[in-house]
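Mind having a look at this structure? Questions to follow.
As written, the chain order gives the labels A, B, C and D, with residue 1 at the start of each chain.
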Amino acid sequence: MLAAIGVSSVQEIFDRQIPEGVRLGRELDLPQGLSEQEVFAHLSELAARNVSAEDELSFLGAGMYDHYVPALIDMLTERSEFLTPYTPYQPEISQGGLQVMFEYQTAISELTGLPVSNASTYEGPSAVAAAAYLAKLHNSKRRLVVSAALHPHAIETLHTLAHGYDMEVVEVPLAAAASGAGAGVTDAAAWAAAIDADTSAAIFAQPNFYGAVEDAAALSAAAKSAGDPVVIAQVDPITLGILRPPGACGVDVAVGEGQPLGNRLDFGGPSFGLFAAREEYLRRMPGRIAGETVDVDGRRGFVLTLQTREQHIRREKATSNICTAQALNALAGVVYLAWLGRRGIVELGELLLARTHYARETLAALPGVHKLHDQPVIREFALRMTAPDGSCVDDVAAIRRRCLAQGVNPGVDVHALSAREQDRGVLLVAITEKRSRADIDRLAEVLGAAVAAERDQAAGPAPVTDEAVPA
Amino acid sequence: MSAIDENHLHADPGIDGHHPHHPTSAAAAGPLQRERATTIFQKGAPGRRAFVSPPLDVPMPPPEELLPPRFRREQPPRLPEVSEPEIVRHYVGISKRNFDLDSGFYPLGSCTMKHNPRLHERAAALAGHARLHPLQDPERAQGALELMFNLQGALSEISGLPHVSLQPSAGSHGELAGVLLTRAYHEDRGETRRKVLTPDTAHGTNPATVTMAGLEVVKLATNPDGGIDLDDLRAKADADVACLMLTNPNTLGLFDPNIEEIAQIVHGVGATLYYDGANLNAVMGLSRPGDMGFDIVHFNLHKSFTQPHGGGGPGSGPIAVSERIAPFLPRPVVARDDDGTFALEHDREPGSKSIGRLRGFHGNYGCFVRSYAYICSLGADGLKDASEAAVLNANYLLARLREKGVAEHLPLAYGELCMHEFVLSGGPMKRALKIKTLDLAKRLLDFGFHPPTVYFPLLVDEALMVEPTETETKETLDAFADAIAQILAEAAADPEIALGAPYATPVRRLDEVAAAKRPVIRQALD
Amino acid sequence: MSAIDENHLHADPGIDGHHPHHPTSAAAAGPLQRERATTIFQKGAPGRRAFVSPPLDVPMPPPEELLPPRFRREQPPRLPEVSEPEIVRHYVGISKRNFDLDSGFYPLGSCTMKHNPRLHERAAALAGHARLHPLQDPERAQGALELMFNLQGALSEISGLPHVSLQPSAGSHGELAGVLLTRAYHEDRGETRRKVLTPDTAHGTNPATVTMAGLEVVKLATNPDGGIDLDDLRAKADADVACLMLTNPNTLGLFDPNIEEIAQIVHGVGATLYYDGANLNAVMGLSRPGDMGFDIVHFNLHKSFTQPHGGGGPGSGPIAVSERIAPFLPRPVVARDDDGTFALEHDREPGSKSIGRLRGFHGNYGCFVRSYAYICSLGADGLKDASEAAVLNANYLLARLREKGVAEHLPLAYGELCMHEFVLSGGPMKRALKIKTLDLAKRLLDFGFHPPTVYFPLLVDEALMVEPTETETKETLDAFADAIAQILAEAAADPEIALGAPYATPVRRLDEVAAAKRPVIRQALD
Amino acid sequence: MLAAIGVSSVQEIFDRQIPEGVRLGRELDLPQGLSEQEVFAHLSELAARNVSAEDELSFLGAGMYDHYVPALIDMLTERSEFLTPYTPYQPEISQGGLQVMFEYQTAISELTGLPVSNASTYEGPSAVAAAAYLAKLHNSKRRLVVSAALHPHAIETLHTLAHGYDMEVVEVPLAAAASGAGAGVTDAAAWAAAIDADTSAAIFAQPNFYGAVEDAAALSAAAKSAGDPVVIAQVDPITLGILRPPGACGVDVAVGEGQPLGNRLDFGGPSFGLFAAREEYLRRMPGRIAGETVDVDGRRGFVLTLQTREQHIRREKATSNICTAQALNALAGVVYLAWLGRRGIVELGELLLARTHYARETLAALPGVHKLHDQPVIREFALRMTAPDGSCVDDVAAIRRRCLAQGVNPGVDVHALSAREQDRGVLLVAITEKRSRADIDRLAEVLGAAVAAERDQAAGPAPVTDEAVPA
């Protein structure tokens, strides 16, 4: 090969191209290579030092959920034909991937009740920011009004990106606990008040971060009458079998985290962000979109379409900079939805609804444990822990530690996640179809004991040895 | 059909020999071509299903009590009604309408389509990785945090830059982080610089990112050697320049010999230097962006570090930065405490300069597992070997394509040697043989090859950008070179063949204009 | 090409329309046909490899000391020299030259090609199953033993026979166990019976097994209804008969209505009744061999219980037996002790009557996991549903094939209704249309269907044995029936089409005679 | 569908065919069906109650070994195209499977140095019995002479099947410990003496059950000069990179357990049996054989060949009753061999040789632990445990229990496996490439302590509490 190139060594190829001053000239300071079995042993050892959802009874959620992933998804995503190609730039040999995108778009459109969907964005929170950018492109206004009941990561991401967009973010607080709806939902009055003629987008979550079903139709209507913003809802796709879809609630753009649809937890990624909108936003959507067409012989086929939105064509005028997205994760999503099917998504929704209700009622009956709000909940709900004097318990962490020691992870310490004052004492509990009634009862037992012990300890020192048995 | 069924390197690429001028006749239709595409929504029957619900094991209060009617969906979403065997057949079936890296050569320039070892999939699927919740307490996720810490360290060493954030979800997300970092850096110094220089060879994500980050693109010219035009750079480098974004080797596959001077000029006006790491596969263990003077680098783990491309993701785009940029990094990053435990460092102090989060959680951890496995497998020596082999393969293939019969039609656009990829110009071919780069690409499909990247970079007339990667054999490179020569010879005899190509694919050329004019982007249902 | 790429049920099965009489012309050659088969031994290059050895971490004494030269191999075996990417491409490539159940309808009679749920593969891959050593102490393998115990119990309940051995590796291995059990049973009673009755519809493994077990095959005639000829049975049932081996429903897909009388006759002469369980898929939860009077049953877990067929195994062939046969069962079997723990019962006492082992360890445990998962998924109701649906599907397809245009050429060989499968005779077709069952089968390949079993059972002229299974949809059955009708119509117009078929497969009809005459059964190497 | 059939219910189809007396008429007494997630949870729970090779430091072998299985094997065996078809009865659409068989046959032929191989038999021990049947078909003699150093399961299987073949099995004992070679190898004199003119086959194992490399060439030669038997060797394929192949040692038929070649442990199956022979046995081989041929257009292709040997053609005159065999396992085998490659199989052999030697020397240096024999060993070796008085320790079980309590499974208690007197006090230790020097050193430490403790206890009662920590 060297002779064909006309060099005497590989070294020469580099020497002739890389200036001496920027050659490394030493070996990288990294370990030497390992055999396959050694690498696998190392990665297994690291895995063994993580407590996965397989190793404890977990009620963690807050954006990613331990739903059951059917085995056929692994089989399909591991097929070379789906796993190893890149973006379908050559449609003639990429009809598989393109058709998957087209089917995915159909499924998301059906779920959201909105006519257009792209083929995926990165994940949930960044999809919110991408939707805000769509609003900016659409109306060139400067204000982003966002409910504080969004996932904290979504709000933080929006702040980061809005700086780049040269937009201002206005947060709408939660309704006060005294109000009719209880705390944990967007304050409707403040929402309406925050939206003005300069508001580019108004953003809420459904169900919101605290698990509450918001009055989406009312929020949308209020936004539209207070100004002319793009109404953006961050939705949870798994709830849309039973929940009124955003398209039927006056929402313009629906985004959300796709992980619950057949994707692994993977310590937070990769997953996918769903992104659907009303027709009028189609030509400003970010990301890939597959469209139907015909070939020269009249056969039905699919292509990447509306590419003039995209960076590789429009460069600095593109509607987004996104290039590599989450095709394989979106494949898992659409296969999952096909697996659930028209009936299954409703049945699953009803099961979650019933179990989550049962869990909320059971846990809220424990002394010192209260519902954060009274809104309906579907697969997650927030609890507030109180001290015997009724004040909120600061140290959810201590309660959680007691539960963890029993092999039960009771959910997310919201304040630890968000660092927001409003979230002190709040525990967010997620229920999937994998958490049976027996599991919920076990949580109630363990959480009840943990709260009681903390309250006792607050009252006076007492030994906790009998509970400190390692899992 | 050939393109998607076999890496059949020596196959007759089969237009019906008897009818060379009627290649579109029904006679040439392959069997997958006779199959009309049918979506999963068009299959099944009412009542069919795969999912069986776990039992309802809790009391069921009246539905209105759980969810009032006004919140309820009236009609279920019209998802498919199909059994598990139908789902399997459907998706296995359409998977066969894809060409993929495990089935053949995929020299897609700028994309580093190197082999994806299956070990990585096995490791990533371990429950301790795959089923780890992102909000698991850090003490209970020490393995994951150590992995991330080690990966941060390895990327730092490879790039020659001290601080790493793994958060960005892909290359362009890393770019966005990078430009926002640059903005934050300047703003922190009280400066509002509006311009970002990008060479005309830049990938589309660079200018698109600049706009999304609220800055303004200023284009830099390319000199006759394929590098940055230093005069143009000097002319444009002023106090309003925030950053120069550069790919090095650049998208022509050329290492800019003036990189040190470029860095000097850019730093001289107080701007930052951004390294688009899409081409890092050329220089791992050989030359480091940090040593070249770059302040910010993004990596495409799905390129140099072999995360499978998944049909267009997932990817992962970590960034590494110099000390001066470090305070602005997105949080959290993984740190090792004095006692050896690993923690997520949030930096929520009031004075924090961090630009904040770019997404939920900690980045695409599943990709980290794979790329970390790759780095462990190769090690210091192996990474260098990989880059050397990538560059050797590219230069060998280039040499084969500079042979007579090809070179006159497809000359190398710039330079003599190349790094890990090279760009040919199809201009002479177009003029002499009346076929365009697109036609050549389409005809390659019939030979069972994925075509190179076409029409990029923009400054090359009829560009053909070829990146073989290090995991291909000499036999494959030879077969590809032979195919190119054969297509050119064939075109010299009869350009219609290439103009009508492909013939052997599940569908043939598609009407993209119609698709865009009246977009049908979902299955109609009744 | 169609047969292996898509379950394209409505596709035009594509002979070049312009040349119906020249179907073998190069014009019709599909792309996979242009690819010449190349083995892995013909790929690679010296020095290439995938394996990297773990480090030598122990002292290395002189090689002669470890292994004297006279024991040493002189030249390494000439295994391939290939890299991992080459291995992946090679085997992914040749996999595409297979038709498979996930890609299309596979109505192979007697083989029960039902869908293989992927859950089973996931469960079987769990380290606790897949990486469990067979000689792990029973106390440390309680999960596996419980699984085997439960499976024994389920098979016992399904067959209506009280004792089960999971040891046999496949159906024919189960048959061998069964005939040896019969021999042991008679020998234990001081009798040396030499004859085993097998109907002329029997599967080839039945007579082959009898011979291997040292006994002698006596054939039984089939009556005009497709059942055992009772007169023939009575005539042959004498004191030298050790056993009658029966499949019920038999290989004609017919349930023998005289089964009770048959049992009476056989038991009347002191012989045992053996049930070939290959057709159990027709009667699960509906009728049990034990209740019919059978003494010994084998199961094909790879048929009724959906272990994937793997291209010809692995399978698993557990047996269930009546009380009188139980003492002779191969050991070990799994037993539950009084304290609820599970044990491997060896029965090594001096007086043991066990015929002994048939293989190493405990049988094909990996298959047990899958079939046990299947039984758990379906449950009592689901198993019955499966058999009902299998029989419904078979009868529906039969009804479709009894329509005009088909039935005259392919009449049902016996009976009116059928159980889970049925056998047509291609005799009239052969006479009227001049195409044989083989030709019909080959032409079906072009339509993307796996053909039914052909030329079995032997007593049916030009037999075509169709078993759709319960996991196929009505749409698929209709498409298959339509294809048969179309092929017959096409043959009526021009038999050459079928005689020359297939056209769209990676290779076309192969010269089997030459292969057998001068066998080339390995790659020549130099 | 019922209308087309002409019945009014599915029930009617059954009622018209199955006599009432043999209809079940009740539901099966089995649990009701479960959802996918429940089944998976149940199977996971069962798996969790097994101590796999992942859960302890295991030196178990004796026929199946914990070798590293490269990830690409899983990927290939899980491809639908290999996993779900059946035997390639229709060669035109089964070229993938047929070519795999052809390649497999080539690899086995290369490994064994014998020209013909079938496409797989069930597994190791039954392959020995199948080879004996081949001998019977070949020479119609009645005596099977077998070394007692075969795997006990192979000997037992041979006894079972020989009864069916109407053949007699004569076992050749191990050489006495006093002899030059030490115990643990076939007694050469007894071997020669046992073989006579009526001997159909003479069978030995290489390396034998006790890990010893036998003098295969000498055994073959002795057999041939004592009579005219078919010489059958049960071989371990993983050793054949460095061990003189059976074809070069005068062996006629080589059989063996294929599991070490890229197959899982799977609690003992499925795996595959390899079966290779000299040319003259070709037409009496059991099982499928793929052969090369051409199609009508002259293309190279593969078919099942020599089918006139087989049951579906020859019925009671078939050379074997085997039908479904182990195609997928054989695929794993040939992919593994391609992965190892020409160099790798030698390197791996050398690594095993060195580590096994190190392990044997290290362990045999422990007080009360002795080599069973001095023959070379490659990946397994037998130790004899003795009491302080030099008598053999009966209770290997007790020693093992002590090791297990430390998370180390020191190997197989041979007497527990074979119930043969000769195997009392014998521990069989297997070393694969997954057992590092550190692992071996750990075994030495744990085993040394366990033997010492047992010897102490034999000497007088002493507490063992400090060792009885659960793993």
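Descriptive notes on the structure:
Methods note: a contact is a pair of C-beta atoms (placed from the backbone, for glycine too) under 8 Å apart; a residue touches a chain by one contact, two chains touch by 3 or more.
Just so we're clear, the structure is a prediction, and the values are computed from it rather than from any experiment.
In terms of the distance between Cα centroids, subunit A is separated most widely from D. Counting C-beta pairs in contact, the pair that comes out ahead of the other among C-D and B-D is C-D.
Chain geometry summary: the mean Cα position of subunit C and that of subunit D are 23 Å apart. Centre-to-centre separation of subunit B and subunit C, using mean CA positions: 45 Å. Distance between subunit B and subunit D, defined via averaged C-alpha coordinates, is recorded as 46 Å.
Contact with two or more other chains is made by residues 33-34, 36-38, 40, 44, 54, 70-72, 74-75, 78-80, 433-434 of subunit D. Within subunit B, the positions touching two or more other chains are listed as 3, 29, 36, 48, 51, 53-54, 84, 88, 92, 96, 102-103, 117-119, 121-122, 474.
Against subunit D, the residues of subunit A that register as touching in their complex are 36-37, 40-41, 44, 54, 68, 70-71, 75, 78-80, 433-434.
If you check the complex, the residues on subunit B that touch subunit D are 51-55, 88, 92, 117-122. On subunit D, the positions that touch subunit B within their shared complex are 33-38, 70-72, 74-75, 80.
Contacts from subunit C toward subunit B in the complex involve residues 1-3, 5-8, 10-14, 16-19, 25-32, 34-36, 45, 48, 83-86, 88-89, 92-93, 96, 102-104, 115, 117-118, 448, 471-475, 504.
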